[in-house]
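Here come two complexes built around subunit A, the first alongside subunit B, the second alongside subunit C.
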Partner chain A sequence: MPPPTPLSPPELSYLYTSLSLTPPIRLDLRQPSQFRPIIAECSFLPHCNGSSRICMTEAGECIVGIKAEVEKDATTKYATVIEREKWIEVSVEVAGGGVAGAGSGSGGGGGGVGIGGISGAGGATGRDEGDGGAAVWLKEGLLAGGGGAGAGWSILDRLVISSGWHWKLYIDVLLLTPTSHPSPLLLSTAVNMALSSTYLPKLTSPHDIDDIPTFSDDWAISTPLYEPTSFPKPPISLPVVAVGDNVFLDPSVAEVAAAEAGLVITLSLVDEEGSCDVVGVRSMEVGRAGGKEGERKGIGRKLLREMVGACVKEAGEVIKGLGETTQKQMFRA
Partner chain B sequence: MAAKAPDRRRNNPPSHGTTPPVFLSSASSGAVKPKQSSRPPNEIRKIFLRTGLISSVTGSSFLEIAPLKLSISVLGPRPLPRTSSTPFAAQAILTTEVKFAPFASTVRRGYVRDSSERDLGSRLYQALVGAIRRELYPKSRIEVVVTILDSEDEGDDVNTVYMEEGKTTVETKFWDAGRSERALGVVLAGCITAASAALADAGIEMFDLVSGGVATSFVDEVGLKGKGVGDAVSNKLYVRDPAIAPPEGKVPLATCVLGYMAARDEISELWISGKVGTKNGTAEMDELVDEAIAAARSARGVLNEAAKERVQFIVDKTGTTEPLKEESTDVQMTG
Partner chain C sequence: MPIQIIAPAPFVTAADEEDDEGGVRLDFDNEGDIAMDSDAPRRAGRQTGGIVTPGEVVTDDPQWMRGHGTYLCQSHESGSQSIVSSLAGTISKTNKLLSIRALKFRYVPEIGDLVVGRILEVQTKRWRVDIAAPHSATLLLSSINLPGGILRKRTSTDELQIRTFFSEGDLLVAEVQTLSNDGQASLHTRSLKYGKLRNGVFMMIDAGMVRRMKSHVLTMNTSNGGGEVDIYLGVNGYIYIAKHTTPLTESGGPEGKSVSITRLEEEASEAIYSNVNEEISPETRAEIARIACVIGALAKNGVKVDEEMVHLGYEAALEEFLQGMEWGGDGEMGRRVVEASLVKRREQ
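What follows is the complex of A and B.
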């Protein structure tokens, strides 16, 4: 179910009408491609390899801590794809909520209740945990992003220490504001920033021995997980919704409730100018409230092009800015 | 103890368990290579789809695409329980549940749904929810339950990545990348097509039938090594309904799965994974989506046939019972 809103049908209808005007009028008078301000800081948790804290006006606050552990390869001669995908584990948890969401990554196999366990979907049990899929798509974007499957570059290659040893990355997302439907933007921005600020200790033992690897304890010479000066950068997922022919970036909860179609688009920054590669698209649940019955039930091809186009055109600047902020904070410390 | 006493009422298996016999094929001495399909890339595999096989539920369907076998039951629409905790629902509440049978893949799956199964379930929900006329069924619930009996999983030969000894990094076989996306994509597309058939079988009103389609884009392996992906774009190969093993010498780039309503020309569910657009362009994504839509259109033909077959079956049945009804009423009542 889409996120429950306190808005009544007339209110939603009003919202729908104002959003489908040309030019559209958003509730907070933003431009269609304008983002809301966020508060972001990174690398502030002393026990983590990388961390970030993001505050958003509506979506609330979330903290991400990334910890890396040295792990022996499950097998020495063969490493299965499934084994490799276990090298990254993403979990999303709601602080203070009675039901903590912890869908482990798609390859992780472990169980866990989804975030949606506390959603108001009218006791639709089978459906609820589906929203806990946040961990699944965060990880999917991470594995696909930064070059994609075919480009020969994968974050997993960066996690290899030496033959037989690799880093295991735990990405723990803690939502401080209890919500049944965490904003994809909040989660992915936080994970993006934490990944950019992740540093791993420098290996001091040779690469090619099977022995337990040893590391330097000097953090000044530690190696970044994602090179700050080169590309690719960690991917970021942006929600985008459409009402009528208008496309809106960074939709508010009310806008999602009134929207007809929604997508979460995962982008990865590829150059200095802020160009982006699309590395993933997923449809997002929207309220479909306020419009007339039976008008639009899916996304037409033209609208799809417009939605993805708007996202790649406008979002590069935002992602670039976020990266620059991260860098600034990293080197200020 | 009572638990230890042999159960005499049943025909018991040996207490130590049994192992099924494994027959080695006389021809194969080495590893069996994954079979290369001979079908052209723009053709989907043959689909077997039949509805109404499970009599105890409102609607059901069974689908087979090569090794993939799945059965779908639709329960409802039935009233929501009258409890104080149940909120009023002006529209029918749809729930979807996807479960792999424990024996459906090479690696055994548990009975509790894992995160990938839950994810498939929510994707299926997304695909169907827009197509159903939910406003006609207030205060009720429609459940779609999918059981995957067999899935495409060609064993360890496909599962393993060979790590060369003495190398510092793991050299992934390129065609292994994106494998789970292709496998799950085919499953999801099958689920969407079969679920529409089952919903139609249940007589639930819909705006349009949703059919699922998958397409994967491949590039040449040689063209990729050392070069950026952007250079290799020229010779892209799009494969509709891809098998797990990619075509010889090709590397998967991105996979697109969608639920498509052909009569309305609308996409109800979209999932693209892998590198599609490069440098702010969406042209590549468009091509991939068009291929997936073409695959969904092909599946729609099968879906239409299945729906028609079912209607024909009902019409035939009522057609034959109708004239008999007058005469046979008495017989039935006395019988």
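What follows is the complex of A and C.
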């Protein structure tokens, strides 16, 4: 396969002008805040506690499997936070390529998988080599999941089994189409769906005993990692770009190339109405960062607000939609 | 709902399609059993012209001849030769010749094809062009229109400023001039119909989805004040849709070419390699996007793209638009437009 080539200057200028019109014209005639359809499937890997498969038109296909293991609590008095963060291990692997891991075990091996040019998340250039790129970014969102109304809530609390024992989650992400453009949306929807389909076996031994815990082998009474009815839900990251004063969700590769500013915003759903909390913001590399050639400009306060606002507005529906699809597929039989 | 989430299509085994008589039956005049093993679904797949995968034994019956997409393989135990598929596709049969038609394939260049390509690399005297073929094509410096007229010889100055004509990423429309032994194409743009592409959008569909036609450059009259739009339907599945430009591409028609050569000297100036778009109105942009959506929907729904279908599809899309339907993120609108245009074609 030939390497991806840059767009020609006339193409870029055409795109830029079309997108900065009022109202803007996207090349696929989508509304600015409309996503492209995705194909989603969950809970299909028999050996995993939770799994998902997502296909997108441009970004390709991604499979996530989540496995839980019982582990003895190693937290000491002084290193609680660091030790507890190791309870979740994320690895992102490109089919036929290297592994990028976050956590104690696989961290540091090989260059990170940079996703959609998220700054500070590693990248194929190996800028932050060893930090695992996308894996770190995914884990960050997970650990942060729960601010505002759900303040103090942490997924790590749900992993505690009894005093002295906890679950260790292994989240393995496999990108099946390495040549295409791996979008942050693809990874985060896949992880989101896998997490909401994750079920852990029910504990049968008492909570307050230090002995090795025992579990029921009946999956019908297993407990979900994220309660389907309660909040917060697993987080999701939405890419958003801005061209002129217009803000676009789910940008295509060409739109990213023509954009002036780009952000990846991680959000989690906090209540029934669909209001969301922003739990993380990362900047995304875009083609014309800093305006037209030669000019350098940052993101204005108003524009930044608009970009975040657009994500917050739509994220609730997206997370709810994903959750409903997961529920439907989990209990269809 | 900003996002549409689709459940994957249910898995269909080959055995389910056993009643389908549309495919090729290998055993229709066979006395012996052609099946290699007793594996029922696999045998059914082969017999009904279902899908074979690379390495799958098609038949070991010596009466068949091996065609495209297959190779002969000697069996270890019996020593008999069997025909094995080298592609993923459907079996097609011409008399005693067995060949495999691939489900998805790259473009195979043929001399005279109009292709749309993108420059991959600039070399000393030529460009490497991506035309969606297994090999990238070459475009020699001597086979483009040099500014100042077609009869001019290329000079070392031209070689030095090769990037002013085409540089990496540029899109161009060209014709396949020659083919080398391994199928690598050499292109030329020595006509005013060909050259650098501006003022529009590029899209790609599968190579097999563009029907070969008399002319692959269509000019369409669009409504809603969009004016005229040019569509370059590359045979290789690369498509460029642009605002209609008068001065340089006007010279179509039977006599157009001879006229264009005499006028070339004045017109083939530096302007044909310009990277600057003309002024394009929002109306034209909207119609260009609509045409792009129609072509994408046709290809996605398995309808070959040609002049007639583009016109019918565009009409159908306009009718839907008047009824207030919006092209959304879902494929629903595309399906409706394609269905409507197929109905129209049947009526004609």
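Everything below uses one rule, namely that the second predicted complex is superposed on the first by the 273 of 333 C-alpha atoms of A that agree within 3 Å, B and C clash if a C-alpha of one lies under 4 Å from a C-alpha of the other, contacts with A are read in each partner's own complex, and residues count from 1 in each chain.
In the analysis below, contacts are C-beta pairs under 8 Å (C-beta built on N, C-alpha and C of every residue); 3 or more make two chains touch, one makes a residue touch a chain.
As the structure is a prediction and not an experimental result, all values here were calculated from the model.
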Touched partner set for A:S205, first subunit B, second subunit C, both or neither: neither
Subunit C versus subunit B, contacts on subunit A by residue: B
First (subunit B), second (subunit C), both or neither touched by A:S222: neither
Touching partner for A:Y14 - first (subunit B), second (subunit C), both, neither: second
Which of subunit B and subunit C A:R301 touches, first, second, both or neither: first
Which superposed partner A:E314 touches (first subunit B, second subunit C, both, neither): second
Subunit B versus subunit C as contact partner of A:V279, first or second or both or neither: first
Doubly contacted residues of subunit A, that is, touched by subunit B and again by subunit C: none
Subunit A residues within the subunit B interface of the complex: 1, 77-82, 84-85, 103-112, 114, 120-127, 129-133, 135-137, 140, 144, 147-152, 154, 156-157, 160, 162-163, 207-208, 263, 270-271, 275-283, 285, 288, 293-294, 296-301, 304-305, 308-309, 312-313, 316
Complex interface listing, subunit C residues touching subunit A: 1-8, 118-120, 130, 136, 168-171, 197-203, 275-277, 280, 282, 285-286, 289-290, 292-293, 296, 326-331
Residues of subunit B that touch subunit A when the two form their complex: 80-81, 85-87, 89, 93-97, 107, 110, 112-116, 118-119, 121-122, 125-126, 129-131, 133, 135, 141, 143, 145, 156, 159-163, 165-170, 172, 174, 176-180, 207-208, 219, 224-225, 228-229, 251-254, 259-261, 264-282, 285-286, 289-290, 293
Contacting residues of subunit A [partner subunit C, same complex]: 2, 5-11, 13-15, 17-18, 21, 25-31, 33-41, 53, 55, 249-250, 314, 317-318, 321-322, 325, 328-329
